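Below, chain A partners chain B and then partners chain C, in two separate complexes.
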Partner chain A sequence: MRKRFYLWVLFLSGLVLIAYISLTTYKEKTPEWKKHQAEYKELLIRNAKDEDIRKRAREMDIRLQQLYLGELNRIDRCISCHTGVENPLMADEKVPFKKHSGDYLKNHSVERFGCTVCHLGQGRAVNKKEAHGIGRETYWDYPITKLEFIQTSCALCHDLTFLKDKGGEKVVAGERLFRQKGCKGCHKLEGVGGVLGKSLDGIGSQPIAYFPMRYIKGEQTVAQWIREHEEEPRRVVSDSQMRVDVTPEEADFLTTYIMSLRAEEIPKKLRRLTGARLPDEIKDEGEALYKMYCIACHGSGKESVFDDAFKRTIPAITNPSFLRVADDKFIRENIEEGRAGTQMTAWKSAAAGLTEKQIEKIMRYTTKDRPKERPTQFGYSGYKVNVNKGEEIYASRCASCHGEYGEGGIGLNLRNPVVQNADPEMLAKTIRDGRESTLMVSFGSKDGGLNAQGIADVVAYIRTLSKKEYKLH
Partner chain B sequence: MNGLKNSGIGRFTSNIIGLRDSFLKSFLREGKPTTDLSRTAVMANNFFLHVQGAKVHINTLRPGYTLGLGLISLYLLLITVVTGILLMIYYNPSIENAYNTVKDVNYVVFTGRLLRNMHKWGGEGMIISVILHMARVFYTNSYKKGREFNWIIGVALLILTFGINLSGYMLPWDQLSYWALVIVANIIQSPKEVTDVLGITKLFDIGTFSKELFLGGLNAGKEALTRVYLLHIMLLPLILFIFLGVHFWRIRKDGGLTKPEGFEIKDSDTRYISGQERKAEVFPANKTYGLMELVKAKTPAVNRDIENNVLSWPNLILAETAVFFFTLAVVMVYSFYINAPLRELANPLIPENPAKAPWYFLGLQELLSYSAFMGGVGLPGLALLGLALIPYLDREQQQIGVWFSGKRGKYIALESLVVGSVVLIGLLAIVIKYGWLRTWWPDIPQLFIILINPGNIWVGFMIIWSLFVIKRTDSTRMGAIALFTMFLLSYVILTYVGTELRGPNWAFYWSKSQWPLH
Partner chain C sequence: MSSETIDKTEISRRSFLSLAALWSAVLPAIALLGGIFRMVKPDVHYEESIRFRIGTAENFPVGTMKKLDDKKVFIFSTDNGLHAISSICTHLGCIVNITEWGFQCPCHGSRYNQNGKVIAGPAPRSLSWHEISQDIDGSLVVDASREVPAGTVLKLKA
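And then the complex of A and B:
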């Protein structure tokens, strides 16, 4: 070392180089898939039924296998490890040698469809970790679909009418839940739906980066995110207002369906969509529409509920005492225009996208329990009102629930245009009679403590609320 | 018998028999390098070796003087060229295929992953080795006596190294590439900040023009990828190799590397030269040859320093080969373990937050966060101009070839390092803790921010401090040492801050684990 510095540098570097060139060669010559294929070959020889098959098995080449799928514009190398996917002799072996389950491959030949079109994952990769793409460190947007959600892929090319008795129960159930849980009350899909939540168009093919994964307990995939978000929305997104109530099983179904909402990428000629719809899906009836768009917030509509996330009370819209005072015009206007300053969306076709006909049907459905007898007239126009007096009464009797400026709280927001433009007669009747099954008591009753003049004064004052300055805190 | 030997067939047969010898003789025209004459001839006659002298100064062979950095840079370049050509077999520069072909290199090309890693790390290693080489040349005072222009070429080579690395960073077309491309395009556009302030953007929008020229449009897309590819594999390397040729040629014409006046051979030098050297046969110790007249260098001159020159073959060649194998081994081992990053496919809809340039530009990006124009164009332009002018502003010819030009320089370098660290870190702490003008007076005109920002203040401090050092020591060389030390220091500190301490929205975080979710 002392004598010949450069010779030693040369010698030692040379040794290191030889060592690492050998290491690299070894590593490249023994990839993961080769081990699997070698084991597969052994299985083939062992499982061979007769000498002829055994002989052919012995001649099997161990080499990288890939499918070039021209129609789908992708390359799948999955069969380098999953070599036996089409081999009936491998039906009882373990993964990755196992034959594909069921008879799906009969109509979806591997040569034409490959693997990733249904299972997702990274078809080009040739090691398990990166091919399956689980975990953010693999930096792959579309990790392999867990088998519990695999029916998602069926719905990409097949109608639910076809799938419902051909192994697509979960996605069909998910679609039904999607309609009945009122998801579109907040989530727009194909141009129709509320705006409180994120639009669901193409959500199944959105990259992982769109979804904050920090509070996800399970695997970091989009499907898992959606499932956990359905179960506990505010754990996954702290300021979420999502009102959802699903069992774990229902969450599975829903997720399976929602993941099938993908931006189109499969060529038309491979798809089998006829546009046929499930029988209960066709029914564009009031009840179905109510469930699809209203039920998530209003529930049965019989009782008003204070919602922690909304920070306000959701009104009881099918409550008879409400229906008694609210006429069709008022309710239709509520649905069409929504309630500004609250979570209630404007549903007219220019906004959330419902047609006039549909709104009419929803209105008919919600008002079907309207009591026959009409409330006695209040005769608001007959009173000479004193706004200042009304303000005093409002401050002492109303502000605790409806807020100092009518901004709402436990009680409704009184500042929004629908209330402000409502018939004062109706407001007066509501104050006088109260609302059954809600916290709104009857102020005109014996215990209510307001006389008719007082009620008229308060109504007059309420109708000035929108002109008062109020800043959202 | 004799007749047969002289016949055509006979001569032909003996030609075949003597093929090996005659071929070798034609290849090595001077025979095997066993004598000093033939050793000299090897160096002089070989196309690849003749850019080096037949003799080499012992000082050049001391690893503690050059640290082999120039050679390492060259070798890293050669490694990236060879691996780059191999990668080009597979790579396809279109936004549809680029990402997939890089994936294929990783997954199915034999040793593809290693090749890509070596290409990547070799290239980024070049940045480090070129900067260190520049520091070595600076601190050993080797940019004087006819070498001034070669220093400028060196600065140009540094810029080209940055440019080639950056253009390569954009080729895989993953998220890193795409957003780096966006940032670079914005840097290129940054003169717009000044034209906006002057109100002449409508007449003379040089920023947007340059950006469009670079991207081939206003947004990063397929045109941009084609241009970047062209820059990476063709234009920039071509210029680089031309400049490299000039760089080497001038070293040769300047008489090899610098060496100190009054060089004395030490016992330890025997490690770096082979033993047979001392029995010189052709060149007596007291004689040199006349060609030296043509060379600009002062040494070696007749009867001076001759005994300290040894034959290049085998001494220099052995050293160079050893450094080559050393470099190759380091790159190979590093590449074996550390994979070059490859993120998700580029997606213009998902901005990385923070969107960061490659690490070697994060110092600039930090400056950029103060003022787009000053950080992107003004200050780096000033820094490069300053670097290029150093040999012309410091013309003291003493202590050439001595590390730090002696003890005083070492002290000044250390002092500047300490003072600079305190001032720069203090300045950054103020910016991070209290913000800057825009935080204090939100309505302040942008002109004030372009003129008064932490980057400018720091550069101003560097200049004032160097002038102060010149005044105090009465030496421009000392001032240059102070300035250059601070320049290196700010590159290191700013790069560290930009890489490690800046998180989403370019906010300050002590570590990545504190970044807010997502």
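And then the complex of A and C:
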């Protein structure tokens, strides 16, 4: 009886094994690409113009095809399914049999460049899901680039000056937007730029795992992440402070450009980079620099804006009454050293990476509308100040906007070193005259209700703020 | 008697079971062995293909010669048609230069005539002629793994 039991076990497990092996063999013998190639062969025989081509089509053997790209260190098997990519007879067929669109292959022969160098995806894979790397349960870091972003790849080997009228309009437009929307105000690129955001060097080759995809509505790719993050930063990253205002079309362009910032370098032999730059890219003038580094936060600089994400007011830096009291030295120091405790970065070469010359140009640009007339002197040093009195006045008149400890809110942060070390004369003048078109009224005017002595006391108190402990409520 | 017949069928059933069990073990084993031997011959190799496209016939106007350095081959286009001659010297594998009378190897001075036949030097064999054919899409394909007798040309239709 025992023997019989074992025989049954052996028989049944043998059956299971046979079933498994036949299934595996069947799967192995009928891969996706074989079906595609068989269909391609039929198409060829049907489309053949003459008997000669038909004969050759009949002789075509169906086999795994690959491009060995020694120079690029890649192996692309895409042509196992996309067999007709170079065949002019296949111009009107459907994908995957279709010939490559445009005349790109004329100068980028498949033999030499392959496919994944432009389109990305997993070249060695032999089925669609793994080769394209898009969709659920695909684990390839560089999924196939959507055609809307494909110009990204052109910029790897070609200058923007070359691309601007040769099919690279999107990436060129993206680069221009990148400069004009002030992206580098927060994002470092090649060592220059602010520190609030992530550095963008090589972002195009960063793996998907670096980008939390939870709130992405579209396809889960890095490009899509970047696009949605440009459109709605705080939906994608809840604590993002990014200030960006782009139309969907602009987001497309910007994404195309940003994705072209890749770490990988195409071999020199295959690249056509000369280092030539667009005419308006070279311009190192105040306005261009202001747009590149400042405009994202300060905008036109004429109005002060309360920013929800920053939880503070962004000052109006070209406000005439500010320019009237603030001298070049003060403004230059603000740009160079930044404002500690706020989002304002230190722009000196050791920090955000601007040269002294560039900072000078930005300062010249922002102060170009400085009113001619100077404010009357306050004469702070002539007053005998009473800090305690100043504290009382501060608590009743200033704290509601500037915060109990001067930490800022609707009003600016007064604890930071730049204000603390500023000329008291300037502070006094500001309190006396206020700031036009902002919430900072003129406290020295009839309605302001502070006399000169009171202003001097408050200034004295403000200058002690940084020594007070800042307690969160 | 009856008990004997029952016994017999019992035995034959059992032997059927043992046979089936045996075969259900042997068959997968054979299939697996077959699979293992199938692995010996790969579908593709991790190396430069020795069968390569060289573009369409337009790239090779009649009366011209092209030296494809990275593919190590000369492509000649004559009135008769196209032919491809290897540029690898049969002596020690240097790349031969083309001269007005044929080919000359810079390493040890082997000389070949215009058809690649050895005329001087240490080279043991003539330069090989590769098969050249036209693919379905009209592009030319050189197969360096297939040697053709000297003088074979690919005639192109006008």
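One rule holds in what follows: the second predicted complex is superposed on the first by the 466 of 473 C-alpha atoms of A that agree within 3 Å, B and C clash if a C-alpha of one lies under 4 Å from a C-alpha of the other, contacts with A are read in each partner's own complex, and residues count from 1 in each chain.
Heads up, the rule we're going with is that a residue touches a chain if its C-beta (ideal position, glycine included) is under 8 Å from a C-beta of that chain, and two chains touch if they have at least 3 such contacts.
None of these values were measured; they are calculated from a predicted model.
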Partner chain in contact with A:R4 - chain B first, chain C second, else both or neither: both
Touching partner for A:P96 - first (chain B), second (chain C), both, neither: neither
Touching partner for A:L64 - first (chain B), second (chain C), both, neither: both
Partner chain(s) touched by A:E86 [first = chain B, second = chain C, both, neither]: second
Which of chain B and chain C A:R214 touches, first, second, both or neither: first
First, second, both or neither for A:I53, with chain B first and chain C second: second
First, second, both or neither for A:A125, with chain B first and chain C second: first
Touching partner for A:G444 - first (chain B), second (chain C), both, neither: neither
First (chain B), second (chain C), both or neither touched by A:Y139: first
Overlap of chain C and chain B interfaces on chain A (superposed complexes): 4, 7, 10, 13-14, 17, 21, 25, 64, 66, 75, 77
Contacting residues of chain C [partner chain A, same complex]: 14, 17-18, 20-25, 27-28, 31-32, 35, 43-49, 52-53, 55, 134-139, 157
Touching residues on chain A, where the partner in the complex is chain B: 2-7, 9-10, 13-14, 16-17, 20-21, 23-25, 28, 64, 66, 75, 77, 122, 124-127, 130, 139-141, 207, 209-210, 212-215
Chain A contact footprint on chain B (complex, rising order): 63, 100, 103-104, 107-108, 110-111, 114, 174, 270-272, 274, 318-319, 321-323, 325-326, 328-329, 332-333, 336, 342-345, 347, 350, 517-518
Residue numbers on chain A that touch chain C, as the complex places them: 4, 7-8, 10-15, 17-18, 21-22, 25, 44, 52-53, 56-57, 60, 63-68, 70, 75, 77, 84, 86-90, 109, 111
